[in-house]
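By written order: A, B and C. Residues from 1 in each chain.
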Amino acid sequence: MKRTPVTMPVLSDTMETGHLVRWLKKPGDPVKKGDVLAEVESDKAIMDVEAFQDGYLSGPLAPEDSDVPVREVIAYISDEKPGPDSQSADETPAMEKTPAQDSDSQADDQSVDKSRDQSTNKTNVDAPQRTQESESESESGSEPESDSEQESEKVSVSANADAQAQTQKQTQSTDSISQAKASPYARGLAMELGVPLNQVAPSADGVIHANNVLSAALQGPAPNLDAGPAWKLHAFTPMRRSVAEHMQQAGKTPTFHVSARLSLELLAKQSKQQKHSFTLLLAQAAAQTIKEMPLFNAAYTPLGLAYRNQIDIGIAMDIPGGLVTPVLRDVAGRSLDELEQSWRALKQKAKQQRLLKEDYQGGTFYISNLGMFPLVDNFDAIVPLGSAAILAIAALQDGKASVTLSADHRVVYGADCARFLEKLNDKILGFN
Amino acid sequence: MSKEIFYWQALNQALDAEMSKDDTVFILGEDVGLYGGSYRVTEGLHAKYGDWRVRDTPISEGSFTGLGVGAAMVEMRPIVEIMTINFSLLALDAITNMATKVPFMSSGQFPMPLVIRMPGGVAKQLAAQHSQRLEQTLMNIPGVRIAVPATPQDAWWQTRQAIRSNEAIIILEHELLYFSKGILDKTAPAPPMHRAMIRREGRNLTIISYSRMSLLAEQAATQLADEGIDAEVIDLRSLNPIDWDRCVASVEKTHRLLIVEEDSLFAGAGAEIAATLGERCFYSLDAPISRHAGLDLPTPYNGKLEAASIPTVTSIKQAARALTQTENAK
Amino acid sequence: MDRSRLLAMLHDMLLARKFEERAAEEYTKGNIAGFLHLYPGEEAVAAGVMHASEPGDYIVSTYREHVHALIRGIEPKRIMAELFGRKDGCSGGMGGSMHLFDRARRFMGGYAIVGETYPVSLGIAYAIAMRELPEAVICFFGDGAVNQGTFHESLNMAALWRLPILFVCENNHYQIGTEIHRHSAVAEVYKRACGYRIPSRRVDGMDVLAVHQAATAALEQIRAGTGPQFLEMETYRFRGHSMADPGNYRPSVEVKAHQQDDPLLVAIEETLPYYPSSEEIQAAGHDVIKQLSDHMNNEGHLDQAGFDSVAKQIDDIIEDAVQFALNSPDPTMQDAWDALYCNRGEEVLI
């Protein structure tokens, strides 16, 4: 019986591990070249693992909801249907290294070759730009880390003393969180600043560097959970980690809020009549407003304000497992039909967690709409880096909704926001 | 009084200056006399100083380098020119077994004011036998001092200092530097011969380099600044001894070290730099020390392959990005 | 030749012989270590040439140089101390048997890489020629060294620039264990120098008077600026190449070597220091010392009593040398660093 390894695919230039979301085939299932075997979440999106040949999926399979380094074997495709013996091997995950990986680690030694041959474009991996809304928002939707006994074991660590009795499996996953490698300098710094290294999130290379320690120190102390009840740690999914980090960065923006109650009833009616998305109409109105007030399309940089020549609006979306902000391009310059088409495509991709970098990066203005939650009568949002403001829309009550503009005070000021809301109101009413 | 001149001219003027002041200084080597030196370094000196002080030799590297040792033992100041470092392999006995061994084995009875000049490095398609670096071979000889001037100013300073010293000194020139230009200020006071120079100050990483590569590193650093990477560039100017204190201070400031050398990676000069600074700066390092060096490959004749076998400004920038962006990438 | 010169040469040769015998003994006692290459049998060459040299001449020698150093005038006790690796040795304990130096006596060193003496001599001679001084460099080497590249390179340059060098080949017919006909296409070494138009001749190296006469004549011309000359001294060593070499040099040795292809036997023998008995030395043929003492006896310069008294004097010198060496301290590591950086002076490097 010939067994060909299936490996964790390399899905981006920066990907080092992939999160195996789930298997779509079982061991013993016949597979054809091109069949999707599993779903993998990279730091960017969820992608398919395809079969590259015909045969039968055979184990051992890497466990679902686990992080696997790229190029490691996650399963095999055999040319015969595997017998019951190999089935039993499915219990243990395969973690063998493939030859390709060995040769790669050799290439690592030859850092010259690598750095010369590889594209220079080791990008600052922009994770999806996501806006954070209220707590309830990010908690909504079905979480992949539901509390089934089996799942929590894999990623949990218990603070109480009995924890030592836990299985080795747990210890391993604990190690991956608390025993990240740290540079010598980071270690010294951590000791000096009194930051426990096991509470410092490492960089993308998996190593704790000095700046990780510094930002941990600036964040203030981590909560002392041991004082409370026993707890279990759920490791971040890539999406959650990304949101957390972006919010952390955005938290440094000096923000203020201006609220108004706008009559949106007509807009809602129009949406129904014309079968256009309400959010889309709102975005268009905002874009028309921004066109007249280009300051709202600018971004703060240390050197000055960056005015952009196109209005790209990021729209927060609630999806299972988190939140994404697909960006609608050139909202002021395109027809409603064109926008509608783009928006549908983006929504579709977002629901399938198939958004690409170009789909979610680089918004110049943001909208967050919680109108579908009738009890929410007012909220404000956090201004994402790279934009001047974000518009938060609460539920419609008596034909009016509370609209809050959160803005970066380095770019726009209070009166600007007041004028913006007035103009926006005009635009919305102008649709009539 | 400063003006821009070629590197070879700086060497030529340094030799002339010392020869005119001290008649124990003499030059010997292949084609240094009537012909004027294969890279023009000794141009005009034969006419001025004659056969005995500017001596054309037969092609006998082993013996004429040993001649330099013998003459230095009786207080002459010989300057041996080996046409390229590749031929110095034939003179290694004189350099290794004699130049520093005689003063040592005699417990300090003999002076050794010997200067051995030679160009090396990858030039323009000279093929594997004529493109070697070999720094590491010479660095491993205790007591042999090695200067690696990268600019006309350093060529002027270090050549004169070497001639005046009573110790055996190798000056490693670079074939591609002879016709590079730079400012020479003859009135500027010379720093100590083996002191490293910080060519550019920076905060994000330290790039340590020498000879031609230090010029490339400086160019790379200027370009990296536009990307927000602020590199400090150290030109070692010397491979033995090495100015460790300046290197350590810089690494302690930037916490990241990239070593750029044209020499082959394996057991090259950079290996020594990485090892020592790894020992001395361990607790200051925020990332593993990175070496960017020539490939462990005889230099191919083909021009494209040749260019790809050693660091370039572009590849230095890539190596610097790789070293500094580990933490930004997320 | 006058009596005092003859007496001095006999004294020096006897001193050389007894010094080397004692060195062998001290080696077996463990007081001397490393490589020890001894000279017995070849004394006429060193004595004849050194007695022809002037204080202004320079001597460049090989790793078999104790006797050159002794006859050049370095005190026996300072040589013995060097063999012992002590601080009071003529090289401060940094050189050892193969690297004796004495700048004051223009003894420019023993060089242990075969073929190095030529370029060193070349450099010194170049300096002499540039300064136009009436001095010469005496460059020693063995027959095994004439196939080294530097031999040809240096003879060419010496002839080309008419450098004041007396090349002295101590042809003992063996390159360690390889007889000259098995290592050289042209076994008459002096003929090789002819290829570079260097005046050259073969001399009976077992006859100290012949050696002295030839060297004196050559050196006078060289100091006068006529360029290099070349003397091939035919001689032989009684002992093996070094203390580690059993070295029976007679023709039977080759037969024996072929019989003893058993590598184990060879290995065992090589670990045993060997020194021939006086009977063995006599059986080997003419002994240079006996030859000279017989000659002086015949000329009426010296009787047996006189010879015995010289021998006794020398025994005392050697005993003193050994005691001096034993009492001399080891050099310190600081001495080693000082030796390496001896020429740095006040120079600031960094």
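Everything that follows uses one rule, which is that a residue touches a chain if its C-beta (ideal position, glycine included) is under 8 Å from a C-beta of that chain, and two chains touch if they have at least 3 such contacts.
Bear in mind the structure is a predicted one, so any value in this text is a computation, not a measurement.
Arrangement of the chains shown, judged by which pairs touch: a linear chain-to-chain path with two open ends. For this structure, the chains sharing the highest number of C-beta contacts are B-C.
Between chain A and chain B, the centres computed from C-alpha atoms are 51 Å apart.
The distance from the centre of chain B to the centre of chain C, with each centre set as the mean of the Cα atoms, comes to 40 Å. Taking each chain's centre as the mean of its C-alpha atoms, chain A lies 85 Å from chain C.
Interface residues of chain B, counted against chain C in their complex, comprise 26, 52-53, 55, 57-58, 60, 62-76, 78, 93-94, 97-98, 100, 102-113, 142-143, 145, 165-167, 192-196, 241, 243, 245.
By the touch criterion stated above, chain A contacts chain B in their complex at residues 14, 43, 110-113, 115-116, 118, 120, 122-125, 127, 183-188, 203-205, 207, 209-212, 245.
Against chain A, the residues of chain B that register as touching in their complex are 255, 265, 282-287, 290-295, 308, 311, 314-315, 317-319, 321-322, 325-330.
In the complex of the two chains, the chain C residues touching chain B come out as 58, 60, 91-95, 99, 101-103, 108-109, 111, 113, 116, 118-130, 149-150, 153-154, 156-157, 160-161, 331, 335-336, 338-345, 347-350.
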